[in-house]
Amino acid sequence: MTENSAQKGYYGPWGGAFIPEVLHQTFAELNLAYEKARADESFWQEYVRLMGNYSCRPTPLTYAENLSNHFGGARIFIKREDLNHTGAHKANNVMGQGLLVKRMGKKRVIAETGAGQHGVATATMAARFGFACTIYMGEEDVARQRPNVFWMEQLGAKVVPVTDGSKTLKDAINEAFRDWVARMDDTHYVLGTVCGPHPFPEMVAWFQSIIGQEARSQILEQHGAMPAAVYACVGGGSNAMGIFQGFTNESGVDLVGVEAGGKGIHTDQHASRMTGSRAAAGVAQGYKTMFLQDEDGQMLDTHSIAAGLDYVGISPILARLGDSGRVRFEAATDDEVIAALQLTMRSEGIIPALESAHAFVQAFKDAPKMNRHDAIIINMSGRGDKDIFTIAHAFDDPSWKRFIIGRGDEYRNSMLASQKAKD
Amino acid sequence: MNLTADLRKRLETKPILLMTHLVLGYPSLEVNRRVIRQMAENGVDCIELQIPFSEPMADGPVIVRANQEALNQGIRVKDCLAFAEEMIREFPQVNFLFMTYYNILFRFGEELFIQRAAEMGMKGLIVPDLPPEEGETYLRRCREQSIAPIMFFTPTSTDDRMREVADHGDGFIYCVARKGVTGKQTVMDASLAGYLERCRKATDLPLAVGFGISRREDVAMLEGRADMAVIGTATIRLVDELGPDAVGPFIGGLLG
Amino acid sequence: MTENSAQKGYYGPWGGAFIPEVLHQTFAELNLAYEKARADESFWQEYVRLMGNYSCRPTPLTYAENLSNHFGGARIFIKREDLNHTGAHKANNVMGQGLLVKRMGKKRVIAETGAGQHGVATATMAARFGFACTIYMGEEDVARQRPNVFWMEQLGAKVVPVTDGSKTLKDAINEAFRDWVARMDDTHYVLGTVCGPHPFPEMVAWFQSIIGQEARSQILEQHGAMPAAVYACVGGGSNAMGIFQGFTNESGVDLVGVEAGGKGIHTDQHASRMTGSRAAAGVAQGYKTMFLQDEDGQMLDTHSIAAGLDYVGISPILARLGDSGRVRFEAATDDEVIAALQLTMRSEGIIPALESAHAFVQAFKDAPKMNRHDAIIINMSGRGDKDIFTIAHAFDDPSWKRFIIGRGDEYRNSMLASQKAKD
Amino acid sequence: MNLTADLRKRLETKPILLMTHLVLGYPSLEVNRRVIRQMAENGVDCIELQIPFSEPMADGPVIVRANQEALNQGIRVKDCLAFAEEMIREFPQVNFLFMTYYNILFRFGEELFIQRAAEMGMKGLIVPDLPPEEGETYLRRCREQSIAPIMFFTPTSTDDRMREVADHGDGFIYCVARKGVTGKQTVMDASLAGYLERCRKATDLPLAVGFGISRREDVAMLEGRADMAVIGTATIRLVDELGPDAVGPFIGGLLG
């Protein structure tokens, strides 16, 4: 690989575009379309208009008075990406790429999805833009995230269960690339986060920067000063990059990325690349970054209570910002996440997605150490009601279990009955 | 003799060469050994030894599963290297190449890997996720160690791109017969023929082409259009279904 | 009763405050607080600010280009109440009443809920304002709407299953009143729609008028003229009143309220009060309106695929607007609703709540008969992902059924296992 | 003689009067008939006949369920009227009152209902969801038909409100002993005593009070503070548990 890290698509040693030759032309065209869009102010205006009209941007920056009082330290503000159409920041990226696809004249989009959030967002965008849509999703995730699969299908997308590898997100990404190399002429691959080969990290970060732009002017208006710190959970890193970009130039603002600590970063059940010691530099899925991998370079199985954080790699841009110390990385365990989620629900009437709740965990650790004239922002990347199956399960709610058992029995009986009627 | 020269020489006496492929450790190194023997004894010119990787992005389902199975059984990179060394020693008449993804080299140490491969007599390296733009040091080191970095032509490559890529390559050019991943059938039609003509014009290097070749007719169709037929998934399927001893007759049959 | 229909709280012959004497004082205080708030401009400003900061008002008015093209008639605009915090227009009312409760100095709120939407919204508001919260919900609805019950409980509310009567919404309302007559000193009853005794219809309509205010200026900005028609589903009538108020003075705007036609208004399984012939004038639940009742005045069982429309009464204000011809009433059947829902999902990437989909049905019937220079607005009162259990069931999705059966079996086995471990 | 006069007359010979309550059709009109006989023969002064309604908003759980059961068994308003007429004829020594919700009157026709009730000799009407503000025509028609519209005092009523309400009422005032719905126990404490004093000051009409009365002591406690003790859910519970014949002894016991 090149040693010239100032090359396009590199962030320090990270990034690049490790793509099969058959995609060379496709990426050349994509880069061109992206560069043109980026240079064209009207594109961004169209994007902002679309997000204002179809989603509900600007999303609010909510002052969490009760949580602030509870911790007695910094004033806590919450950036409400949960209020986006489809319930998460993923909408920003897909709608932006949708506009680009329209410009490129392609008629079909594909995407990978883990939790299903990016899949639902992409299926939504495809319905709105009139594109054909195929979503690749690990077979395990298909089984775990049935509600999202249902919605993707209802939105007109074809959901293809991926049966290779660990049958989760990274395998879905591989499979999406396999589709793309066969149908690059009419198809665009809507990558869901700030990872993958250049220009994806840069492009997705650009679309997500709308979060930071808004948050910056909102905190100035509401707090009258820069925040002391900004917290975001980090799966691939798109919501974190989105909000951080509003503050990277403000050296006084502590940017904190929170990874999935799973059962603890000293166990082998987590997905922390920048914290802990299971990750190392590597090249996979088209880019170079810190990957959770073994000594041979084989990717490891990961774990998080939040499906959207359960991924082996991390944005090359964030890896760089971590190296340089501009972004501080922390990890939150599954148990801490559940506790933060409960506190937030009861204190503010706000239900963060399990992913987002990771950011809340670290903010809650830091807030009490700060002063009342400090403000901190938590990026609430999505809403938690999508996670009912996981959260009710994690809370071990007996009424929920009885409800599901009852429904299941009903379905079994009705299916048996219609079976018999046929025989 | 370097790989290109070796292939040219073989082409003096054969209308077309054969390259076969297998995934190391699938179903086991023991079976690999028997398969390689069958291949070597039936006149195969080149053998791709694929070092398994957990993310075989550019491969089709059959090879993906083989990668995975091999890893599940605990194959390690160092086992692959030792095994390859043994094969090279045992079958000097065959050109061996490593095929794998870049992370395997990267984690091993790019320089070290290339050096080890060259030292054991490996003739070339095929790394489908390392385009020349990302492979500056890789290409330099291959040149230094006189091991051929195999480059790809694809149906989407422009003439300019082909020339550019060929400039970086050595040994032969791997011409991807069609869009998509490995393991799917393609037919020889005007468009494929035209593509192979474009490939030929873009480089002096030998051209290797594979597209689900499984019969004598498939190979024959390539004669005159390419220099080497690549047998990919067909042997894996064969070994799965009929065992390693079926490989010899199969290869023999391909050459008519 | 009085014959003077110009009396406060009356709309033609409809409305009034048929309350037990024990609530006389409570209503006197509520009326006073409400009148004061209404006269105080800063109250409305505080309300708008709260809805802008905590929810995401103004909600967009989305131009549905694909649906417009599909029908080839009027330009179809969708008012996006689904993008509110908690996913429906119910948030507007509860947050408004929350502000009022704060002013009144009460510390506890109670509410009825059918589908659970208003219950979740109230529990959310209570968490945010720091009120204790009890939600009354018919036992049947508790069983059907378990996900919403789960969220209410997580938000800190106590959910009380009501076992009387038909065990649905109307019975929950009765039970909430029974709570209130015992604890009126510290408790406010957050009624969920524009029904019940005065001042509730007027007050809830006031809070919901924010929808119509926004929609009016948005359609002028986007379409340059008044719409030809405005469509809203009508359960109690709050989302309809909310949007209609932006247009009642524009005589050229056809205001269309769509009721639950259930299995057909000629069957006895529907909830249409203004269409069909099962309703008659009556007095119940504290107010006078058209109720679905028998000859003796006993309320009838109702049916709708949309739990939120499954109610015996209708807003007295809407009853009046129906009498006067200002609002046209139509009914949509369950089957029509499913078809409209599917078309909307696939065409626009938007998932209306089953309730809201009723409005879409009638809009889709009318749009093709209009011209391209006409605009119509559909009030999308809420989002449909809350309805996954009902929608997946209605679509008879086999994968969904298998998923639920599988989950149920898992839970059964783990419960049996832990049972055994205890024995 | 109108209801107020009748009650005053009875008070000349009794320290306190008794009003009992039942839900028509629960568990059946047949049982109602036997219960009423027991009540009448044991000296009850007034009996509330509750016409069931599907939305008994102001009632507690026992009466709510009785309403519902009666409706489930198909009781109709016209059955209730006919039955009441029969009871009035059979037990002239008892003052009968209808208790029900306003929709029952409204659907029947307010004027017609009041007229029918008056004609059959019904002494009063108790309609808990019809405050005087909503009852202008109702109150006028009651006056015209000389049937007493029973009004409510509650612990939340101000003195002014009591006087205002009493002005509209006739027969007696139903003093709600405490906040909440029917059927819950209350104790006689300073606050209840103070409340009853306020009631007394606000009107000349007799005061009826009930708060889960089930024993002689409960009734005795009211003597001197109110004019009539109201037995609400107690008899319903009694009939449910021990049958209609237990009612007589129960009532007898209350009066000591």
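Per-chain numbering from 1; labels A, B, C and D assigned in written order.
The rule we apply is simple: a contact is a pair of C-beta atoms (placed from the backbone, for glycine too) under 8 Å apart; a residue touches a chain by one contact, two chains touch by 3 or more.
Since the structure is predicted, the reported quantities are computational estimates derived from the model, not experimental observations.
Trainee: Between chain A and chain C, what is the separation of their C-alpha centroids in Å?
Mentor: Using C-alpha averages as centres, the distance is 33 Å.
Trainee: Using Cα averages as centroids, what's the distance between chain A and chain B in whole Å?
Mentor: So the centre of chain A lies 37 Å away from the centre of chain B.
Trainee: Using mean C-alpha positions as chain centres, tell me how far chain B is from chain D in Å, no decimals.
Mentor: The mean C-alpha positions of chain B and chain D differ by 98 Å.
Trainee: Counting in whole Å, what is the centre-to-centre distance of chain A and chain D, each centre being its mean C-alpha position?
Mentor: That pair's centroid distance is 65 Å.
Trainee: Send over the residues of chain A in touch with two or more other chains.
Mentor: none
Trainee: What kind of graph do the touching chains make: line, ring, star, complete, other?
Mentor: Chain contacts: open path, no cycle.
Trainee: When you check every pair of chains, which ones turn out to touch?
Mentor: Here the touching pairs of chains are A-B, A-C, C-D.
Trainee: Of all residues in chain B, which touch chain A in the complex?
Mentor: Residues 53-61, 64-65, 68, 71, 76-77, 101-104, 106-108, 110, 128-131, 133-138, 151-158, 161, 165, 176, 179-181.
Trainee: Show which residues of chain C lie in contact with chain A when the two form their complex.
Mentor: It is residues 52-56, 59-63, 66, 80, 83, 85, 87, 123-128, 130, 143, 146-147, 149-151, 154-156, 342, 345-351, 385-386, 388-389, 391-392, 395, 397, 399-409, 411-412, 415 of chain C that touch chain A.
Trainee: Quick one: which bits of chain C touch chain D in the complex? Just the residue numbers, please.
Mentor: 1-4, 16-26, 164-165, 170, 174, 177-178, 181-185, 280-286, 288, 291, 293, 295-299
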